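Some structures to go through are shown next.
The two complexes that follow have chain A in common; it is paired with chain B in the first and with chain C in the second.
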Partner chain A sequence: MREYLVRRFLLLILTTWGVSVVVFLIMRVVPGDPITAMMGEGGVSTEQIAKIRRDLGLDRPLYIQYVEWLWDTLRLDLGKSLWKGTEITFELKTRLPVTLQLAIMSMLVVVVVALIAGVLSALYQDTWVDYVFRVFTIGGLALPAFWVGILVILALALWFHWLPTIEYVPFTQNPRENLIQFAFPALVVGWRGAAVTGRMVRSSMLEVLREDYIRTARAKGLAERVVILRHALKNASLPVVTILGIEMTLLLGGVVVIEQVFSMPGLGRALVSAIYYRDYPMVQFLVTFFALVTMVINFLVDLTYAWLDPRIRYE
Partner chain B sequence: MPGLTPASGMSSPREEGTVVVPPHTPMQATTVATAMTAVRRRGLLKGVLRFVVRKPLGAVGAGMVLLLALLAYGGVLFTPYGKLEQNVSEALQAPSLRHPMGTDQFGRDLLTRIMYASQVSLLIGFATVVVSGVIGGILGVVSGYLGGKVDLFFQRVVDVLMSFPLLILAMAIVVMLGANTFNVVIAIAATYAPRLARVVRSVALSVREKQYVEAARAIGCPDWRIMLYHVAPQCVAPTLVLVTAQLGGAILVESSLSFLGMGTQEPNPSLGNMLSGAAAGYFEAAPWMAIFPGLAIALAVFGFNVFGDALRDVLDPRLRGAGR
Partner chain C sequence: MGMGRMVFLGVVSLLLGLGMACRPAPPGQPPTPVPGPRLEFPTPTPFPTPTPLPIAAPGAAVTPTPAPVPTPTPPPIGKYGGILVFAQERDVVSAEITMYEGLSYLSQHPTRPLYSQIVMNDPQDAYKVIPDLAERWEMRPDGMQWTFYLRRNAVWHDGRPVTAHDVKFTFDRMFNPPPGQVRGRAAPVIDYMAGPESVVVKDDHTVQFNLKFPAASFLALMNNPYLVVMPKHYVEARPDKQVRVWKDVIGSGAFRVKTMTPGSLYEMVKFERFYIPGRPYLDGIKVLVIPDPATRFAALRARRLHIIPQGVTYPQAEVIVKDLPQLVLQRVPRLAGDTVQMNVTQPPFSDPRVRRAVALALPRGCLKDGPCYAVEPDGYMGGVLFPYGPWALRIEDLADKVHGYASTVAGKEREREEARRLLAAAGYPHGLKVVMDTRELRSYIDSAQWAIEELRKVGIEVTDLKIHDSASYYELTLHGRHRIIAHGHAFALDDPDLIIPDHYMCGGAENHPKLCDKEIDELFYKQQRTLDVGERIRLLRDLQYKILDRDAKIWIAWEVSRVPHWPEVKGWYAVNSLYMSMHFWDVWLER
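The block that comes next holds the complex of A and B.
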């Protein structure tokens, strides 16, 4: 296990370095001058542009820019947002809680709904429970999250005359208001993941339930609940872990979109407006950040997998 | 297997499509190829008929896609309205016989706009899949067949590209290239290609060990020729299956991008941008403006997903009878 861990960790570092190169290059290959794009046409003198370029260090060779950027990022000196003029670390501090809470709550939706719905539809295969589940999964896969979000807001407004509060309410201030605020977006984002993961739970359970040891467990008189939860579900969870990991990274993309729909002041919304205002330092940081989170999730999933299935670490 | 590839070595379903593809072991993929050849021999029409009988749901999916394509490309020939034609006196009208899906805030006919928008979606979907299929295919075959350092390098590149959340990488690439249809295709293709390359590589790895490849090498066939004529054909079928499954996903990503303002730009319609921007302010007064474009996306994605699933089941004998 330790050797596997070390190997996997070295790979993580290598990939992180690769990601930093890709992000850096993407931001430098922007056609035209980012400064001109930022300032718009006219109204800015050449001296001003030259000054901004100097301030941003854009007049130096590419590799020096890269090394400096890497060094600054490693020291968590992230610089300032070009558009708002605020420190990026400040933006991160205020916006991360929103995105984090949304991601955690969506993930909760995914896990809870997928496990319950998946197990039930496997137990009641080809009954109405199963059919309802299938409609649910088809919906989750085909309906774009942002559209479902729009419809939810619309339905709430038209029928209940209720609008989601624009102002973000921290959990510590008013837990009830905060949870209501996050519940709808979390449900919308989680639907897709719940559908995909639930499908995996279902097929995995169906496979396991046919195994001999399940029959043995039943034959020796174990309660059905114990057979299902301890014997079947535990063994069926292996493929589910992989899917959950993939869904977690996909969830990040969903969060970006849904923050826009529900006007939530999170990192995703920051990314979209940073792109809109061509705020390159901000875009660069946020893309790196999301990639880092994805890599850490993948790393943890691989470790969980190796821990659950000994065959992998001895490969 | 090179020493440093735990993630790539496992055949866990690492790819992030909307449709979850079960673990593709090399063996499984070649069985797909064999099944595909069998289908080809039986004749295309017969194959289609068999597909309809055995996978009615898949046929329904294909039918829905065809319907949408017909509406998108045929419908525009018959509509009396232009895609940008404004008529303020008829603004925000509810669905009626004159305007089956109502009108928007400028009095533009929504059905007509959705037809044009669907053209964009379908075009981007197919183009993306072709581009990513070709790039991913070439990378996969070269990486799997040559092995060694080339493989190690390509797989690390794939690792890096797969470390970005799909939508966010696509967004970053669109920012870099600028928002237009062509660049959106490149952006989505670039996010899908590495995932495809990984699967194709696993097929190429197994084909490389086949005797006929060894025979080709023995008579002095150059590597490029072996890759092109002996390895690549074996990889076509699994690529096709994966790619069909990804079509729905590609259309979803496209609509998300244009919803976020990073795709087709107003006043040109796309299914995503019809749901955002200034239009969003009128949804309460005119809910049909919110409902129909989304419905069109859902129809396309659902159609492709169901069709892709059925195609995979038919072409991959190992999945027959298992699951649904």
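The block that comes next holds the complex of A and C.
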């Protein structure tokens, strides 16, 4: 097991480094750079552009620029946004809590809704409960989150003449306002995840409920609640955990879009904006960071398998 | 049918019904190209008659400008208190609004209330220059020297006094920008000076500008809403000699920085030691960042915003007029418009006949008896300069008099016929195929799609519309690799010395057609030095006709600002520039 952990850890470092190289090169290959992006609102001459490139060190060879960035990052000096001049650590400090809270609340929606709805749907297969669940899941899969988000906002504004607070309110400052603010985007993002995961819960449960050991559990007189929760659900959860791992990484993508719609100042929006403006240090850091988070989630999911199914051993 | 199935069908129907019921008008959808009834606003704000000329120009060469009376403290007519909330779609780019970085309104709008200018525009008249930091000024009779006398009670947000050294420092930076910066929209005024030595500090509260020539537009360009005075002591003490990050700003404006949450909020509070006693009325201002236009509009409806100063789209204005009569909608002609531009250095547009064909094919604004420009149905006809300003050719100078400016359906059809004939003469008897480029902004794409339809009517087929993001689009146009583009422009203020060099002269930064014509350049320099207003207007008319004759930048329509706000917002007036009216010290909330 220890050897496996060490191997995974080294692979994680190598992959992160690979991602940083690829992102660095892609950003330099796409047409336009931070200076031309800044010209989007007005004109600057070619001579002026050359001066700014020189001033910002963007005229130096690529390998020097990369090595310098890597060295600074390893020393936790993330540098400044080329576009806005703010420290990247400042952006990270203010934006990470938003993305983190949104991801956690969305994940809660996914897990709670998927488990409850999936189990009920399996237990009441082909009844109206099941039909409602299926409509819910088809809706979640078919309707893009950004569209649902816009509808939610319009519905609140048109019918209730009300919207949640738009400027970000930290939980520590006003927990009630903060939870109301995050509830709508979390529900919108969570809907898709809940739909996918719920369908998996339902099909796994249907499979497990037909197993002999469930019949045995019932035959020996166990309460239905114990049969479902302890015997059926735990055994049905292995594929669900896989899906949850994938959903968690997809959620990061969903959060990027929904932050835009609900005006939430998270890392997703910072990334979109940084790519748009070719803000090299910001994009390099954020993509590498998101890649690292994705790999850590996958790693944790792999470890969870072993906990759920003792037969699984990593060599 | 069983109970379960009935419930199932019921739920499905309910969901579909809900979906249909709350389906919004898709944001940013291009307006229908079909000529339809024009939007009738119930109480249309009349477009202004041509405004009085800037005070620098009339008789400037012969008599010194009378020293304006210092602004008396106006009696408090507004109500004190309240936080004004407005929104914009993205973060502040840079608080260095005197430099190129801060040239977007995204930077200028939240930053301007923090700073002061030397002079500023009257809140209700973009052309009338009134005192700001300078309580009065005078011009030497030859028009080559201007002296500004600064207020003695103006202080920076850190308590230090504002002095003439700060003014000189601000101009020195424009001559020699700090590393990573180049001159921006505030800088054209320095073209009238020989160098930093032209700005002389006479004493702590007197600063003198020595010009290379008597510049008719000097005072007008000093009124540039990007030209804010920077604190010398503070900027010089900073390691990079810049104040790029908004939260670091120390200004002398009516408001000072309270807090900043990137991507969400820029919050200012009243500066108690502001130099106009009794101002500002507001306790503070919040600028929210709301990227999605539909969300922004919904926030206004839900009263989460007081005002959207950058304005709303035509379809949103329609919604306001029809469904939200309780909102105030200020409509004024705007210093902005949509264009189609042809690169004169690239075939086939290097051939003047092809350019003329394009100019003839595209309608301008509304036809009297036909359709309007579909993208901005309330947009209006105009030429090279803002048609409602003092310098421009009037609509009556253009309509049916200049090629492309037919004002009726029959006239336009005759122009299309002429366009076909010119194309045939240029070697394209069976039509011409071209690729068009544009930027990924909704308004640019809409203009491009509209132009494509119009060009098709004379046999010019756009085979591909390439939509670029900002960075790659400007890479393309900067190096002149484009042929024909759909592009929008907005100006900080209406002055030929600000607009013409950038847009129509050799090497101009926004001269995307790459036009370079000595005759145009010479005529520009001549009018720049002409202090007699009548003569200058005559020269400018010649210049505009010459530019129109080159058929390089076609103004499809000039735009209208449609600024909605709740009635409790008082003292805020939309003027022609998107960048003016953002000082906020005389704005109040009625309740």
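Quick notes on this structure:
Methods note: the second predicted complex is superposed on the first by the 279 of 315 C-alpha atoms of A that agree within 3 Å, B and C clash if a C-alpha of one lies under 4 Å from a C-alpha of the other, contacts with A are read in each partner's own complex, and residues count from 1 in each chain.
We adopt the following convention: a residue touches a chain if its C-beta (ideal position, glycine included) is under 8 Å from a C-beta of that chain, and two chains touch if they have at least 3 such contacts.
Predicted model, so just to flag it, every value in this text is computed and none were measured.
By the touch criterion defined above, A:151 reaches both chain B and chain C. Judged by the touch definition given at the top, the superposed model places A:74 against neither chain B nor chain C. Contacts of A:94 after superposition: chain C is touched, whereas chain B is not reached. In the superposed pair of complexes, A:271 makes contact with chain B only, with no contact to chain C. Of the two partner chains placed by superposition, A:219 touches none, neither chain B nor chain C. Judged by the touch definition given at the top, the superposed model places A:142 against chain B, while chain C stays out of reach. Residue contacts after overlaying the shared chain place A:249 against chain B, while chain C stays out of touching range.
Applying the stated contact rule after C-alpha superposition, one finds that A:260 touches each of chain B and chain C.
Residues 30-31, 150-151, 154, 157-158, 260, 276 of chain A lie in contact with chain B in one complex and with chain C in the other. The part of chain B that touches chain A in the complex is made up of residues 1, 3-4, 6-7, 9-10, 12-14, 16, 18-20, 156-157, 159-161, 163-169, 171-173, 175-178, 248, 252, 255-256, 259-262, 272, 275, 280, 283-284, 287, 290-291, 293-294, 297-298, 301-302, 305-306, 322-323.
By the touch criterion stated above, chain A contacts chain C in their complex at residues 30-34, 36-46, 48-49, 51-52, 55-56, 83-86, 90-91, 94-95, 126-128, 131-132, 135, 139, 150-151, 153-159, 161-163, 165-168, 260-266, 269-270, 273, 276-278. Those residues of chain A that touch chain B in the shared complex are 4, 7-8, 10-11, 14-15, 18-19, 22-23, 26-27, 29-31, 138, 141-144, 146-147, 150-151, 154, 157-158, 192, 196, 199-200, 203, 206-207, 242-243, 246, 249-250, 252-254, 256-257, 260, 271-272, 275-276, 283, 287, 290-291, 294-295, 298, 302, 305-306, 312, 315. The touching residues of chain C, when paired with chain A in their complex, are 3-5, 7-8, 11-12, 15, 19, 22-24, 27, 87, 90-94, 100-101, 103-106, 179-185, 242, 244-245, 261-265, 286, 288-292, 294-295, 298-299, 301-304, 439, 468-476, 478-479, 502, 507-510.
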